[in-house]
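First the structure, then my questions, so here it is.
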Amino acid sequence: MPKIVTFGEILMRLSTPGFQKISQAETFECTFGGTEMNVGAALVNFGFDVTHVGVFPDNHIGKKAKSFIRKLGISDKEIHLKGKRMGLFFLETGAVSRASQIVYDRADSAFVNLNPEWFNWEEILKDADWFHWCGITPAVGEKPAIALLEALKVAKKLGVKVSSDIYYRSNLWNYGKTPQDILPELASYSNVVLASRKNIEEIFGITTEEDKGRFQMASRKLMERYPNIEKVIDTERIQISASHNRLNARMWNGDEYLKSQTLDVTHIVDRIGTGDAFLGGFIYGQLIYKDDLKSLEFGNASSALKHTIPGDQNLVDIIEVDSLMAGDGSGKLKR
Amino acid sequence: MPKIVTFGEILMRLSTPGFQKISQAETFECTFGGTEMNVGAALVNFGFDVTHVGVFPDNHIGKKAKSFIRKLGISDKEIHLKGKRMGLFFLETGAVSRASQIVYDRADSAFVNLNPEWFNWEEILKDADWFHWCGITPAVGEKPAIALLEALKVAKKLGVKVSSDIYYRSNLWNYGKTPQDILPELASYSNVVLASRKNIEEIFGITTEEDKGRFQMASRKLMERYPNIEKVIDTERIQISASHNRLNARMWNGDEYLKSQTLDVTHIVDRIGTGDAFLGGFIYGQLIYKDDLKSLEFGNASSALKHTIPGDQNLVDIIEVDSLMAGDGSGKLKR
Amino acid sequence: MPKIVTFGEILMRLSTPGFQKISQAETFECTFGGTEMNVGAALVNFGFDVTHVGVFPDNHIGKKAKSFIRKLGISDKEIHLKGKRMGLFFLETGAVSRASQIVYDRADSAFVNLNPEWFNWEEILKDADWFHWCGITPAVGEKPAIALLEALKVAKKLGVKVSSDIYYRSNLWNYGKTPQDILPELASYSNVVLASRKNIEEIFGITTEEDKGRFQMASRKLMERYPNIEKVIDTERIQISASHNRLNARMWNGDEYLKSQTLDVTHIVDRIGTGDAFLGGFIYGQLIYKDDLKSLEFGNASSALKHTIPGDQNLVDIIEVDSLMAGDGSGKLKR
Amino acid sequence: MPKIVTFGEILMRLSTPGFQKISQAETFECTFGGTEMNVGAALVNFGFDVTHVGVFPDNHIGKKAKSFIRKLGISDKEIHLKGKRMGLFFLETGAVSRASQIVYDRADSAFVNLNPEWFNWEEILKDADWFHWCGITPAVGEKPAIALLEALKVAKKLGVKVSSDIYYRSNLWNYGKTPQDILPELASYSNVVLASRKNIEEIFGITTEEDKGRFQMASRKLMERYPNIEKVIDTERIQISASHNRLNARMWNGDEYLKSQTLDVTHIVDRIGTGDAFLGGFIYGQLIYKDDLKSLEFGNASSALKHTIPGDQNLVDIIEVDSLMAGDGSGKLKR
Amino acid sequence: MPKIVTFGEILMRLSTPGFQKISQAETFECTFGGTEMNVGAALVNFGFDVTHVGVFPDNHIGKKAKSFIRKLGISDKEIHLKGKRMGLFFLETGAVSRASQIVYDRADSAFVNLNPEWFNWEEILKDADWFHWCGITPAVGEKPAIALLEALKVAKKLGVKVSSDIYYRSNLWNYGKTPQDILPELASYSNVVLASRKNIEEIFGITTEEDKGRFQMASRKLMERYPNIEKVIDTERIQISASHNRLNARMWNGDEYLKSQTLDVTHIVDRIGTGDAFLGGFIYGQLIYKDDLKSLEFGNASSALKHTIPGDQNLVDIIEVDSLMAGDGSGKLKR
Amino acid sequence: MPKIVTFGEILMRLSTPGFQKISQAETFECTFGGTEMNVGAALVNFGFDVTHVGVFPDNHIGKKAKSFIRKLGISDKEIHLKGKRMGLFFLETGAVSRASQIVYDRADSAFVNLNPEWFNWEEILKDADWFHWCGITPAVGEKPAIALLEALKVAKKLGVKVSSDIYYRSNLWNYGKTPQDILPELASYSNVVLASRKNIEEIFGITTEEDKGRFQMASRKLMERYPNIEKVIDTERIQISASHNRLNARMWNGDEYLKSQTLDVTHIVDRIGTGDAFLGGFIYGQLIYKDDLKSLEFGNASSALKHTIPGDQNLVDIIEVDSLMAGDGSGKLKR
């Protein structure tokens, strides 16, 4: 099966039971999440071989996180147990018009304080088929940004395909650099970029006119500037309420503008990690189906299914995604 | 109140909390279910006197199952504590486009290994008004099939009304016989048969043409062949998603084709046992209302309400069913 | 911030987990609720200073209830620990067409047996901006009715604004008086009355004709009879199912008939206390916005949000209500 | 198997999880208990046929209590669903030097308000071998006292053996009668009385001198006065801490003073109902072993085992009691 | 009742259920603890008026902590909601020879980053009877140390009694100062100091000879050097296992060496906060009994009882402590 | 670190919460256990590299078990997902004189039906330092016995050390062979045998006289007969109660009789898997300390600590064992 490498921070997630507000909770459900690792977890369930590269603190919490990713089926052999604390976040899950809320407590984590020299990327990426990264990594600290850049250079050298989720949350960039300083170079090493039109405009300074087809226009300009980028993908979400979303995905692949079906998710259980579930499904499609539209559809169906699973990771298998992708959203009991 | 006798296997049900996948669960919620017993449980809540006939293993699990049915209000005096194991199943509850999944572990159970001589049907059915059975019983083993046939013969002799749920799951028939070998004779002793048109065609070799009214046609042919059968009923389910179904029931009673209203169940809590809830309601209607359409409506409303209750059994009372049957689906708080 | 005083009974609420029926529950979730206190709790979350006046039994349960209201941020300094028992209720939460059910066990509580002389209303209401009461208080016993009347007289003397929820549940009036005997005098001291047209007709003997505008007509007649009443408000609820309601609020303020938007609550978590949440929001609007329509909208949005929170109290903050009131019901994740 | 009839009140028990104080609990574990019913429950586990006679309210709580006793294996056919409320108590479980605490809320319950004419004792006691009652029943109200006296007269007439637990809690006697008014007549119908020397002195006005053998002396005098009493039994408990007790039982049977071994219970899980467990074991001994010392030993071992089981009832079987009675307190794993 | 002021950091405590290792836990039980606040909490349960002075982050976690201390009955009006994060710790509870373990994650908390100018000590301490502080406060940062020194100066000026727990954990002192630099001046403002002989030697450079009475000797020298110190107290703990400890307390009060009884705690539920429970009891004794030996005994009994309560705070009332202090450790059920 | 290979069946363990009887449980806590895997799990926590060889069913339960052993840190690459069911057992945990009870439901599991040809032992054992097996494996079926014999032959050839736990439960041997038929040959390939004197006599037909030193005598005779056996070890357990055991271990190593200290475990949390914890510790001692007495002590301390951890596996680390082995059983809180 294909070998996937992901790199990024993992946080402990402490969520309230049911729909309790943080103020109500007497217990927190503990799991772990991290956008790149979540992508990997989805791929494990599709049968892939996944290694996550990361840094956890050298204490019982770091060891707990290691056992968590092993449980998911992800290799922990590139996890460094160094440093003092694990970032974490508190989550309360909303419903209807009440939004879910996250309180982050992630400053000064073991990952932020990593040493780029710890990672032997030649070794790590040796047999890999795909490397995935996200824009949070270079946001949280200069050292992660340096390590990521090295990884990308090695990936290019070794011919490993690279996908990136150009996630742009301005309040994370606190070490003196801006997304505009850092992300363009990193993106230039990617073969597939997940980004909205607005992201593209803000990060790369690309402009489009108010007109139909702005996403294609932005994507085309991005790909002209960075010829390594082969495909730009984007997920769209119509938020009817915290309990009800409509999902689709689209792509400019240099030749065509492709768009998936729209899937209706009417009783959301857990919205966190659904974008990562899309990417896991999309990468599966790229490597197995080798068909762009099917990749979008498989990714979109994966994302829809993730909305029904508690926790950060998508845990459905190929049968479940195939069934939905084939149009069966009936949820008929499997005996 | 009317006396009901049911006969069949009961399984331990181990379900994941909330919407967890089986892979996530650290605890399982334990209850018990069995299609015939579930029908009986619904009738207890409508005030009937119900005895379930069955076999549980002679250990703490069998005793636990006995106390479970007593708690429901079903008499356990015809339960035999003999044999080694209780069949069980693991359940994960789906949502939206993710289906619920069941993993069965029921082979070689105490029930499958029963001795037909253990049951004194003359005694058991002496004062009974109704006997209910399901097609799973003759599927799981030859001994249950023999015991069931004896029960049916005695029921006929004593004038006990018989209903049957011709449930046809081919992967359960593993002892050398087929549904076609066994079910027709058993069905011939029934006064009421729950079966889809497709079931009738497959089990009894009856053919219909692609045209309106195929269910009626199949039912009529079935009743011609087996004059003991007075009514054929069928439940229909439109599965919009695992969280949202639409339900109705219909009947051919020899004279008329009757069809209930369609009820919309938009936020499903637990779909298991909803067919049994229909049958419980239908039998109530037959014995109390003595009106076929009302029986269908009462059954259909019962089934709709069961979708909101965790566990295998319908636990609503007559007031709740009457209210929905009378058209009040508003769920207005009762103080 | 404004100072609010509320007066009324508080009950222990014992609710089944998930959607269990009372018959199924092996544990009960314990919280406390009381309509007037719930109004206060909502206002604490909007930054107000709230004191609840009440009576709890002088035992561990009474102390637990005191610590509960402190946790909510309500002052417990006017709670009297006297008497023997705390009223309580058992709750099972319905879904779809299955209604929630409440079993009350509230007779002969410490509150019902209060001594009106315990309360020094001059002191309690000294700096208050608003006093809120509900029609349950004079229903449960003569002593609470007397204490309430005294409070209202003092409030009038001190110029404290008064709102009342003319809640009329006939089965609560068991001490020889009727709502018609008692409520009109109490209502005459209120500046704002929450009442449906039907309530107004039944309690005050006011008649209206079957025609458009009956609520306005009833309100106008009420205000003519009791000139102290400045505004009559009413909440309307279309109950599509126990899981899905539509909400709006309306008002006759002497000059104009005002009506809020209708909000759709499609996945109800907990319906209890949503009327109180409306009133909390409405009072906020009256004191902060000083605008009647905005008060209705803020109240209606508060009520809609409460439907998503387990327990009796609304725990959302101003940001959450403002967001919904501004039309954003998308429930978009807040990081 | 022997048939046992018990009569008395049953309360809902709401206990805090783990060792939480009542002030801490956010959930309560719900079960039911009642001293006479607890005695019966123990006997069900030893194979006896037990019917409890009682009154529960005619609501969902009363029905829940009925299903609870059925689950235990006790017949509910003599339970009357009449009246308005079920008494209840809150329990926090202590440890070491912190005592367990109970907050009662039992006033004005359905049982207290029973109508003695509801019970057809001739029918109820027809085939019974043993009837058991406790001193709480005549304490809580005059009507229960009247019903009990009638039951005792019928029992005597039919030759049913009677045991009584002369439980004397002065704060329960609130309807104008004292234990001294009522208990002597009731005790006079008993064949076996469980009472401490102090109980005998206070209730019956019997005096003994400070000397060895005062229990025997009191018992002898009691039996002289009431010749129907054949045996007086007493349980002794040395309370080293809330977690560690030492238990023994003793008896004067008219001929001999008998005393059981002392059993050391070092890690108490739940102390409630341990006296009832003793009585259940003792009655088993009387009816099966027909040997007084063995009855004391079986009762004392039963009581010791009950200390390890959560809830009010003893749920061990004969094998477990026999094993401890035979001296094996090793708790060796049974596979 | 006496008014108490405490000042110090509060941490969120996330503990594993039962005896799970951190690696096993899927949920964490959430509460809050802080040594000074814990002392205050114990005093609230003895009827005192307690205000805690502290700093929580300005987010949902900080608000949750505020509501937590209000629930305990502590005034939150001197809590500042400023800063970004709340320190926290993970706890696994050991048993027998397996020690409990704590993983701290408390660096850079809102409390550590406080501004000493936020606190108006003249106002805060105006009517106070007692001020309590602990050696952790000056350890975690220079700003807390400055704030504390100011508080102590004001306390002295206003004649408020001061107690201190000279807690000396060297790994907490990371900002460039040592305990020896800071603690002596702070201690010089205390009237009562809790310190072991070893603490006194290490912090103050006081020497004693290996001989009986070294604690008295050290205490005497300390009091000679700092004449404001009137009493030195010390708690001793013999740790037989994580489940079984023996406790006593001792004091040098300038005149006499006093020592409490030794209490045996054989089934420990939660050992955290037991030293704080001692101090709460001791301060109660000082202010109510005004007797040094009784203060030690009340404190020691309080500490013993705290070992049976989950969470950081002592929640027993005076009746429970009095009972144990009077020698009744029988844990006899209170009805 | 040393590489360990274990081979054997793994069962799902469904245990009741707290001290509930099986009859009481509404939920079961789900984990997995297997004696050989448990030994491996203990060694993972000591830093070893462990591979378990086994067979799980090809369904969600088998996958769940795989993720469970990965979470523990055991390699799952030699787990075959083939067959239909996973054996399981229900556990209720006793206390004091009430024994824990296990109900097995393990017949006809995937492991029992394995095909010996699935295992390439040359490959599996290539770099291994140690192989461990237990007498349950050849008991449950002929195919496991054949696979085990092959493994042992390869281990011998490759010079891998072999330990065996000659577990002899007669009711497991149901396929026509006896322990006497099978175990001697298997044992002959072991370097270390864990067996009681009674086991040795019964399995190998070795006789000893009633006299001191019978274990040494039996061991010596065993080693004479099977020269490959270098050491015979035995664990002794004095069962004071289900809550309190005393533990020691002993050995005959051909030269000396060695005996560990006795450790007192006074508050047992979970007794299951404590023998496996001993073996894990013992193997650690053999490979790291290379000292027999230290091996016994490390094993015995490991076993003692396991009694405090819920679940089948020992999860303590070297620091914790070292501390107890060094005599510190004080359970002093680690911060």
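Before moving on, here are some points about what is shown:
As written, the chains take the letters A, B, C, D, E and F, and residue 1 is the first residue of each chain.
By definition in this document, contacts are C-beta pairs under 8 Å (C-beta built on N, C-alpha and C of every residue); 3 or more make two chains touch, one makes a residue touch a chain.
The structure presented is a predicted model; accordingly, all values stated were derived computationally and were not measured.
The set of chains in contact with chain C as well as chain E comprises A, D.
Residue numbering at the chain B/chain C interface overlaps only partly, since under half of the positions present are found in both copies. Chain centres here are Cα averages; for chain B and chain D they lie 42 Å apart. Mean C-alpha positions place chain C and chain D at a centre distance of 45 Å. Here the spacing of chain C and chain F, counted between their Cα centres, is 63 Å. Residues of chain A in contact with at least two other chains: 21, 23, 26, 67, 101, 267. Taken pair by pair, the chains that touch are A-B, A-C, A-E, A-F, B-C, B-D, B-F, C-D, C-E, D-E, D-F, E-F.
Touching chain D in their complex are the following residues of chain C: 14, 21-23, 25-31, 59-61, 63-64, 67, 84-86, 88, 90, 92, 101, 103, 105, 107-108. Here chain D touches chain B in the complex through residues 67-68, 70-73, going by the rule given at the top.
Every residue of chain D that touches chain F in the complex is listed here, in rising order: 263, 265-269, 301, 304-305, 307-311, 315-316, 320, 323-324, 328-335. Contact residues of chain D toward chain E in the complex are 18-21, 23-24, 94-102, 104, 169, 239-244, 267, 271-272.
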